[in-house]
Amino acid sequence: QKQTVGQVIRIAGLLLGFTIFGTVGIRLIEGSSWLNSLYMIVITATTVGYEDPVTLSDNGKIFIIFYLMFGLGIFTYSVSQLGQWIVRQQMSSMLEQR
Amino acid sequence: QKQTVGQVIRIAGLLLGFTIFGTVGIRLIEGSSWLNSLYMIVITATTVGYEDPVTLSDNGKIFIIFYLMFGLGIFTYSVSQLGQWIVRQQMSSMLEQR
Amino acid sequence: QKQTVGQVIRIAGLLLGFTIFGTVGIRLIEGSSWLNSLYMIVITATTVGYEDPVTLSDNGKIFIIFYLMFGLGIFTYSVSQLGQWIVRQQMSSMLEQR
Amino acid sequence: QKQTVGQVIRIAGLLLGFTIFGTVGIRLIEGSSWLNSLYMIVITATTVGYEDPVTLSDNGKIFIIFYLMFGLGIFTYSVSQLGQWIVRQQMSSMLEQR
């Protein structure tokens, strides 16, 4: 199941859109700065989850619940597809150098 | 290994049941609100794990240990299957639009 | 790649051994209770990572670095294999009931 | 998709390089000790994400955002490949002992 360049671009676009959507959502609900909102979403969607820089209100908690419920599978699948693609590119360019 | 619609529905049901079971369990053991109990379980089962809104008693810790030991594999596998299915649906609908 | 019952038992054994090793390690290094040591290891190996019930000394940090470096891949792979097996068992028993 | 020993070595090298790069980056930006910088990166790249031993400045947050965005897929894919390889080695050596 090698990915084509077109598929990789679409997956990267999906990831980007998902990140922007979450960042704007947190900013609108919690009034946090752009950097803290983006940081919060990256930390959440990657499931790193340090202590949060943005303390969530009840509305923020509900947003995060739906965000994770609907988006985490997409995020995880997309990131692992991209990771697989990057590792394969690196390996094949290493092979070519020989 | 394309999933059929029937399989996707069963996997989604498994996920829902697992989430409800955990939420009710935390609420019974810790007496936390429905929102905080659900939030705690979503944050736990997705492995995001921010600082917990519900401070766990010893019984709560034992519940979470068993919940993760028995359920995390099911949860992770189900979420990745759903994510794969959603990404594929999106990709094929993009292809059809051409 | 269906797993045989023998493989599933060996994977479960690997997981159990890995959990016991970590629990004993944390207890020896930090002097924490059995429950807190086990809870710490389950929270760590599943990558949930709430704020830790055991505050780690430098030796504890070094132990966790090696524990994750060497063990996380084994843990993640084993848990996903078990999850896959459980979901398949449930699905096939659902099919048989029809 | 069995991995060859050469592939396993390259994947391990990729993981090592990625860990060193992150540790040096955090140390340069935050001025934290080598142990705390390494611990921070291991906790982050494995997505365990306890409360961070290094409190991040805005530059640190930006570094972590890019580190996760570009590196997490590589890290996750590499760790799961290594885990798969270790589990298979263990299983086949168990089989040989019979």
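In this document, chain identifiers A, B, C and D correspond to the written order of the chains, with residue numbering beginning at 1 in each.
By our rule, a residue touches a chain if its C-beta (ideal position, glycine included) is under 8 Å from a C-beta of that chain, and two chains touch if they have at least 3 such contacts.
In this text the structure is predicted, and so the values were computed from the model without any measurement.
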| item | value |
| --- | --- |
| Repeat of the A-B interface, chosen from B-D, A-D or A-C (over half of contact pairs identical by residue number) | A-D |
| Copies subunit D and subunit A - interface residue numbers shared by over half, same or different | different |
| Interchain centroid distance [CA atoms averaged], subunit B/subunit D, Å | 25 |
| CA centroid of subunit C to CA centroid of subunit D, Å | 18 |
| Multi-chain contact residues (two or more partners), subunit B | 47-51 |
| Subunit C residues within the subunit D interface of the complex | 7, 10-11, 14, 44, 47-52, 58, 61-62, 64-65, 68-69, 72-78 |
| Residues of subunit D defined as touching subunit C within the complex | 35-36, 38-39, 42-43, 46-51, 53, 79-84, 86-87, 90-91, 94 |
| Interfacial residue positions of subunit C with respect to subunit A in the complex | 47, 49, 51 |
